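Input: structures, listed below.
Next, two complexes with subunit A in common: one pairs it with subunit B, the other with subunit C.
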Partner chain A sequence: MRILGYMARAGGLLLLAALVFMPRWFEPLLRPLTENGAPAIYNQGSLLDLTLAHLGLVAVASIASAILALTLGIFVTRPSGAEFLPLSRTIVNIGQVFPPVAVLAIAVPLVGFGTTPTLIALILYGLLPIFENTITGLREVNPTVIEAARGMGLSARQRFMDVELPLALPVILAGLRLSIVINMGTATIGSTVAAKGLGEVIIAGLQSSNTAFILQGGLIVALLAVLIYDAFGLLERAVARRAGTVDA
Partner chain B sequence: MTSGFGEGRSTRVQPTSDRLRSPTNLFSSLLGRFDRVGCVFGAMAAIALVLQPFVTYRPNRIASGKSVSFLAALPQTTGLVGGAIICTAILVAFSRTPILWRAIAAFAALAVLIGLIGLVPLHLVPPSNTFARVSPSSGFWLLILAFALLAADTLAKLKPGPWVRLLALAGVAAASALILCSGWLRGISILKEYASHADTFWTEATKHVELAVGSLAGAVIVGVPLGIACARLPHLRAITLPVLNVIQTIPSIAMYGLMMVPLGLLAARLPLLSELGIRGIGTAPAAIALFLYSLLPVVANTVIGLDQVSPQTSEAARGMGMSGGQRLLKVELPLATPIILTGIRIVLVQNIGLVTVAALIGGGGLGSFVFQGIGQSATDLVLLGTVPIIALAFVAAVLLDAAVDLTRGAAP
Partner chain C sequence: MIEIEHVSRRFGTTLAVDDVSLTLERGTITAVVGTSGSGKSTLLRMINRLIEPSSGAIRIAGQDTASLSGEELRRGIGYVIQGHGLFPHWTVARNIATVPVLLKWEKARIDRRVSELLELLQLDATVYANKYPHQLSGGQQQRVGVARALAAEPAVLLMDEPFGALDPIIRSQAQADLLALQRRLGVTVVLVTHDMEEALHLAGHIAVMDGGKLLQFASPAELLARPKHGFVERLIGTSDRPFRLLSLRSVADAVEPGDAEGRPVPDTTTLHDALADLLWRQATSLPVMSADGAIRGRITMAAILARAGAPAVSSPPE
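For the complex of A and B:
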């Protein structure tokens, strides 16, 4: 079972690398999908550039969301911010009802086309899962553990940095993972508002009814999302093992 | 936020002389009269009212707009009276006031805002001009958001039961329908856009709901039995859940695209299928993709729901002479219902959002207005698609949350 998992990962990674670096290899396979001599391989830009732009957009947005969401999440779980906890719950609940596309569509009239509205939509929408999981993770730390740390003479800051945060980290990482996966999808849709990314390949295929482009773009986006999700899953388990919240 | 980190202790020790201490006390006693959470809404509303444009005026549908402030957008007396009411509501939000006052202030401010926005076109646009567009701008939306959050915050503090929430939802729906049907807002650009798309709006909206609910129904019919099987057979669970998990991570456009390819090839080979409407483009790939996305929450929550039925309960049912099938139908599934419904809630809200993207592959739905609007840089058309989608998702969430609570209450 485990071997099968490693083989699937290696296969996925190789296929992704081939699709991005050696798109020509797939010409014979994609050729039958085109009509009237349309190009079978995406020819409106380098796939590697688009992949890097896509990953860059998601990385910047996710880092920004993570910093904001962590700060807010830590604030509302401290005594001084406790008043804001019910409100932040309400906002998270309402926010989850907004589809990411809607956030993207609303950002366009406000800030115009291009990368900026996509970045704003990504940051705003990516906040929710991280914020929610930060709160859950910090609140689920066993109070007796914190009490024990206090008894050992740890200051509030030390208790937070050395006890609470490491124990909550696996849950926070799960939120970050969810946020990144949602962002990968929203960034793809971002191509409809002219953000540079892999969605361009799929959109170009849809506009020119070129199924080969659609398949190419779809496969790269899907493989990238699945592999990143999987990698974060491995990281999460490693962190949880270190924190001792699961059995090794 | 520092006091939680231990630095708070040092500030408490610091003021040694009386002269230093007194301003701190004054400040904290003044702070005591403020509602800290309300200050956030209050500040947001105040900034929106004073610094942000209330509406945008455009000579025609796609021309660039001119920002108009709150007072400039309204006849003088109306503007002053309306502004005074909103300022009062902001003051109520700022200070520590009884919950009933806060609720009244929030709803009164919302009503006044909707009343005022309907008056703006009458004031700004001469009756003979049919091209000019008046659309609510950032100030209006932020004010609505601030007071809606204040209303939500006060209502959440009252912890209403499921029936009260359903009643409130019905009330809000009826009020919105009444306002929209009264024609009070017909001068606002989103509704002008609606007037020119009225014929397609309802067919697209129906299609949107059909796609979201239809793929959910398919997922429940397949997913619940699959979940029951997974709860019984650990081997099946070990394969099914990771596969469904991977499917969930595939971005929606990619998924729709990947569905189009095999369906397109099938339809080209079998003309009968394409006559049935199963083609590479359109509803079929969208429905299949949505069905696949919907499976994980349904299957996973069925498994979790059945897992948490205590073995003693099942044992007691067995002792009463129930067969395996009877135990499942009469004991275990009813006990798992709240959790399965939670999964269905997740799916429905998620589907309503994802159907939007299906418009890109010709699947129709309200997303077609969103993407048409983006293509024409027509903000109003984007909003004509977006606002109903958000409203639909919100209604679905409230309805199913209430259903979850009701089944939880009914379970023995």
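For the complex of A and C:
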């Protein structure tokens, strides 16, 4: 089973590298999808540049989402912040329910075209899984363990940093993973407001009815999402093993 | 010495602990017993200020516990709870080192102390020091919990139903280990338990609580002989009283000169177990041997039975 996993991972990576670095290789495969001699391989920019820009967009948005959602999640699980839980939950939920396209439509008149409105949409959209998992992770820490930590004389800060946070980390990471993967796909809409990213390839395909472009852009985004999802899964398991929640 | 003076604790409208005064001598084991909700844990947790008293004062070795910060106080007091509460993401060694690390001991000193404790609690350091709590049996986890509580050499050890989660065989082993450990270290132990048997077996003094009040504070023998009328009597269970009384004394207290047939019983056996032995073997007397194996006399059924009755002077009716 393990061998199969490694092979699938290596295969995915190779395919991704080929799509980004050697797009010409796929010309024979994609050619039948084009009409009237349209180009089969995206020719309006470097796929590598677009992939890096896409990853950068998602990375910045996810880091910002994570900082916001973690801070909020930690705050509302402290006794002093407990009363803000319902309010915070409502706000975060709106961020998730409000479609990113609508956020773009509202943000563009306010902040202009480009990366900024896209980041706003992605940050809002990515909050919920991290926020909810932070709360769940911290709440699920065995109360006996916290009681023991208090009884040993750990300060509130030490209890949080040394005990609660490490024990909640696997669950928090699961939320982060979900958020990143969702945003990997969602980031493609940024191209409608001129944010650089893989959405450009897909949109170019849509505008010129070029299925080959759509497939190319879609495949790269999907492979990125799957591989990152998988890498995070490995990380989570390593962290959970260290947290003593699963056997080594 | 722990002095508890007119201590009360209120939670909203419930008075969890109601004006309790108690003095626990240094180097003794005191058991706190009572039904669920009687305020045992609350009383215990007020000693290390996990719960602050609503009124009253607690002094340890003459020092008012309120004069320290709660964290400082707790680092100086061992605390063991049911279900051990070991940190699952830390190894056994790191768990045991919790308080020494908080106290910023040097690494070499911490390492030495951890090995010492592992040995004291009969856990092979080469096997267990780097294991995680979930890789240990319940009994081993419980021992690591005790080692962790003793790590910084506290003078006081608080235990809240420490053996509650163990099966009967492991539990009696853990009780024996605690007795030996306490004698060796001379630490003052306060033990909350549901189990009257456990209290009678381990404690030098027993505090009986009901509805937040301290009903009686007495030695096991005293408690059995003269239980306060009502709740304490019911808690002890009148039908078992003679046998419990016999459990408190050893054959050495009742040995008499003379010969007897059969396999000798050690003089450290409780009278309760000696009686069981006599009954099982259908004998009226058995030889008694001391620790070195020498025969020092015999134990008779009559001598045991004579010690199973109510003391001559019973408490005046209330």
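One rule holds for everything that comes next: the second predicted complex is superposed on the first by the 242 of 248 C-alpha atoms of A that agree within 3 Å, B and C clash if a C-alpha of one lies under 4 Å from a C-alpha of the other, contacts with A are read in each partner's own complex, and residues count from 1 in each chain.
Here is the rule we use: contacts are C-beta pairs under 8 Å (C-beta built on N, C-alpha and C of every residue); 3 or more make two chains touch, one makes a residue touch a chain.
Everything numeric in this text was worked out from a predicted model, so none of it was measured.
Peer 1: After aligning the two structures on subunit A, examine subunit B and subunit C and state clash or fit.
Peer 2: fit
Peer 1: After superposing on chain A, what angle in degrees do the C-alpha centres of subunit B and subunit C form at the C-alpha centre of subunit A, to the nearest 10?
Peer 2: With subunit A as the vertex, the angle is 90 degrees.
Peer 1: May I ask you to decide whether A:Arg242 touches subunit B, subunit C, both, or neither, giving the answer as first, second, both or neither?
Peer 2: A:Arg242 sits against subunit C, while subunit B stays out of touch.
Peer 1: Using the touch definition from the top, say if A:Ala195 reaches subunit B (first), subunit C (second), both or neither.
Peer 2: So A:Ala195 meets neither subunit B nor subunit C here.
Peer 1: Counting only touches as set out at the top, which of subunit B and subunit C does A:Ala40 meet: first, second, both, neither?
Peer 2: Neither partner.
Peer 1: With the two complexes superposed on chain A, say which partner A:Pro166 touches: subunit B (first), subunit C (second), both, or neither.
Peer 2: second
Peer 1: Could you look at A:Ala61 and tell me whether it touches subunit B, subunit C, both or neither (first, second, both, neither)?
Peer 2: neither
Peer 1: Among the partners subunit B and subunit C, which is in contact with a greater number of residues of subunit A?
Peer 2: Higher number of touched subunit A residues: B.
Peer 1: Quick check for you: in the superposed arrangement, does A:Glu147 touch first (subunit B), second (subunit C), both or neither?
Peer 2: Second partner only.
Peer 1: Check whether A:Ser155 is in contact with subunit B, with subunit C, with both or with neither, and answer first, second, both or neither.
Peer 2: Both subunit B and subunit C are touched by A:Ser155.
Peer 1: So, does A:Ala225 touch the first partner subunit B, the second partner subunit C, both, or neither?
Peer 2: Once the two structures are laid over each other on A, A:Ala225 reaches subunit B alone.
Peer 1: Using the superposition on chain A described above, determine whether A:Leu19 touches subunit B (first), subunit C (second), both, or neither.
Peer 2: Touch status of A:Leu19: no partner.
Peer 1: Superposed on chain A, how close does subunit B come to subunit C by Cα atoms? Whole Å, please.
Peer 2: 9
Peer 1: If you lay the two complexes on top of each other, which residues of subunit A touch subunit B in one and subunit C in the other?
Peer 2: In the superposed arrangement, which is not itself an observed complex, subunit A uses residues 155 for both subunit B and subunit C.
Peer 1: Across the complex, what residues on subunit C touch subunit A?
Peer 2: Against subunit A, the touching part of subunit C is residues 48, 50, 70-76, 79, 81-90, 98-99, 102, 132-135, 145, 148, 158.
Peer 1: What part of subunit A is in contact with subunit C in the complex they form?
Peer 2: 142, 144-145, 147-155, 158, 162-163, 166-167, 242-245, 247-248
Peer 1: Can you list the subunit B residues touching subunit A in their complex?
Peer 2: For subunit B paired with subunit A, touching residues are 1-8, 36-37, 40, 138, 149, 152-153, 156-157, 238, 246, 248-255, 257-258, 260-261, 264-265, 280, 349, 352-354, 356-357, 360-361, 367, 370-371, 373-374, 377, 379, 382-383, 385-386, 389-390, 393-394, 397.
Peer 1: Under the definition above, what is the set of subunit A residues touching subunit B in their complex?
Peer 2: 1, 33, 74-75, 78-81, 83-84, 86-87, 89-91, 93-94, 96-102, 105-106, 108-110, 113, 155-157, 160, 181, 184-185, 188-189, 192-193, 199, 202-203, 205-206, 211, 214-215, 217-219, 221-222, 225-226, 229
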